[in-house]
Amino acid sequence: MMTEVREIVIPGEILGKIKEAKASYGTFVEGDEIISKFLGILKKSGDHISVVPLSGVYIPKRGDKVIGLITGIEKVGWVIDINSPWLAFLYLAEAVDEYVDLKRTDITRYYDVGDMIYAQVSDVKLGNVQLSMRDQMARKLKGGLTIKITPSKVPRLIGKSGSMINTIKEKTNTMIRVGQNGVVWVSGEKIHKAVKAIKMIDEKSHIIGLTEEITKLLSE
Amino acid sequence: MRADYILKLLENGERIDRRKLDEFREIKVETGIIKKAEGSARVKIGNTDVIVGIKMNLGAPFPDVPDMGVLKTGAEFVPIASPDFDTGPPGEDATELARIVDRGIRESECIDLEKLCIKEGERVWEVYVDIHIINHDGNLIDASALASVAALKTSKMPELKEDKIVRDKLVKKLPVNHVPVAVTVGEISNNFIIDPIKEEEDVLNSRLSIAVTEEGKICAMQKGGNCALSMEEVEKMIDLAVKKSKEIRKFL
Amino acid sequence: MGMKTEEKLIVKGKRLDGRKPDEIREIEMKVGGIPNANGSAQVKFGDTVVIAGVYGPRPLFPKHLQRSDRAIIQCRYNMAPFSVEDRARPGPSRRSIEISKVTRLALEPALFLEDYPETVVDVYIEVLQADGSTRVTGINAASLALADAGVPMNDLVVAVSGGKVDNTIIIDLCGKEDNYSLADMPVAYMPRKKEITLFQMDGGLTSEEVKQIIKNILKSGEKVYEKQKEALKKKYAE
């Protein structure tokens, strides 16, 4: 049975002309041609040509909601692993509302090494990534399991207006938080099934009809 | 956080990939994959992937055993196989693994080294067993030992013409008499597990690797990990390893 | 290279393995295969078998190697001890160190490294079986592995060896031809604009012969590029 896949393009492949289209994410312009930068899925919407990479590391962007692991403590904040080639930093002032007397307080009472947090990227300057927990949704994630998927596949996992992720949550009775950085936290009843569905989306995001396959998997 | 989750599951007798505590992942064995080597095998246990190549050379025997061929086992933990592997000469883990696999082959008398003697005291065949890790997802010892023996069992010796090796001509099988198999048992939270994946290995208290022949003779043992084991635990682990070795042997 | 032999390497226009002078061996390419790596690939040219794995972009230590404006690329070409006729002692040799360097320089122009300051892209090439032209096979595999890893690229990199045996210009030297050749010329290039990124020669050639070999390489390189494209797309074809 032949599975239908979306159109895959390779780096260096010519996708169109700048006279006829606009070069968007995942492409670059050379002369009058729009060329793919990645091995990815070709997307044409309106006159925009873009390529969604099928793999690749997470590049932090301001505003992204991410899941990170606290790996170090400094005097004024915490060092966080956000599944990216660069470490992130969470300043005390961005994490705690109340006044903290640094001379007397051990900040591990707020967050400690090994804690998992759901936070927002507040600033990115040349490899210096800063997080903030001011947003309402920011919190420490307790228990559960975290898995990693390809960051470029996060939109697919979430689905239009959250349709995909909500379906998984409902059918497996789990709480799921998805970070733009490709880290997914799952807690609740049928964790294994939820993880299976998430992994399937990661592996088969290029297949048309994936939604049906996921629905099938979840009803088993 | 994943380590905590794995630990919690193991405390309840469960594993992250839903296997039973004493269950192996899928094992695949392919021999003769490196055509130019005298013998070769590729073993995959789950995502762990190891290639072993056998090369033969002429050399001098060790002075204390002038009528026996020479066996040399080496392992390369090449960085392509894991973010934890560095470039550089074999570290303590690679060295230890090579020596454990070597002991299993040597002490079981897997290869009939006496038949590899050409001229006593002067010329013998040297057998090089080179272990090359391709992807590290735990249990490298069992995979490497299995690949080594699978490769040796299917190895052929090149022709010897006037004291020179004729590489393109492989004339007879490498004399293999015994078939040792290695099984590693991990200990964690009062549970014994077989075939740990890398993330499980990272949380184990200790492990015991055991090489056993087809006759049930234990020919090599090695404890790893920095936690102590009681006598009862050791005995249980040995029994479990010997029992599971029969499953591995089916692939040889 | 340069060893003498009585044996004729080209008889009636056919090479030892029956190939014509401008014919490449049978090529097999597969993308993926090393789950731990960000990207990987295996390439076979006849009996030469090479795997490549890419890790990164990832943090780079020691810090003084970091560049504030882009990622750096590191490359390690290594031969498995059992990959050659006479077992090779494990560890880097002067030859493998040189090949690591020219391979890195062959791949670097194809990568967009500016998006990843202070990081490193590590490329590992392992030769599992050597039957001539291992460095170009490694470059073909590394090119696939980089694309598989999602490293942004300007173009793929295609590589083919050329040379001369028995006074005939040939393409894609096998082991024996490599050993007895009068000249050995590995070339790598980016196919879209035909920009050359690896160019070495060892032996004796006239400048006409060099130009002819380049032409032949660019022609047979098209076939290699098609195979690379096919292998990348096949990974997602189900």
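By letter and in written order, the chains are A, B and C; residue numbering begins at 1 in each of them.
Operating definition for what follows: contacts are C-beta pairs under 8 Å (C-beta built on N, C-alpha and C of every residue); 3 or more make two chains touch, one makes a residue touch a chain.
Values in this document were obtained by computation on a predicted structure and should not be read as measured data.
Visitor: What chain is the most remote from chain A, judged by the mean position of CA atoms in each chain?
Guide: The most distant chain relative to chain A turns out to be B.
Visitor: When contacts are scored as defined above, which chain pair ends up with more C-beta pairs, A-B or A-C?
Guide: Of A-B and A-C, it is A-C that has more C-beta pairs in contact.
Visitor: Need the CA-centroid distance for the pair chain B / chain C, whole Å please.
Guide: 32
Visitor: Once you find the CA centre of chain A and the CA centre of chain B, what distance in Å lies between them?
Guide: Result: the chain centres lie 40 Å from each other.
Visitor: Any idea how many Å lie between the Cα centroids of chain A and chain C?
Guide: That gives a centre separation of 34 Å.
Visitor: Can you tell me which residues of chain C touch two or more of the remaining chains?
Guide: Touching at least two other chains: 58.
Visitor: Where on chain C is chain B touching in the complex?
Guide: Residues 34-37, 40, 47, 49, 51-53, 55, 58, 76, 78, 80-87, 90-91, 122, 124-126, 128-131.
Visitor: Chain A touches which residues of chain B in the complex?
Guide: 1-2, 4-5, 18
Visitor: Within the complex, which stretch of chain A touches chain B?
Guide: Against chain B, chain A makes touches at 69, 114, 116, 144-147, 192.
Visitor: Within their complex, state which residues of chain C touch chain A.
Guide: 38-39, 56-59, 68, 71, 110, 112, 115-119, 147-156, 190-192, 228-229, 232-233, 236-238
Visitor: For chain A, which residues count as touching chain C in their complex?
Guide: 3, 5, 8, 10-14, 26, 28, 35, 37-39, 53-57, 59, 85-87, 126-127, 150, 152, 204, 206-207
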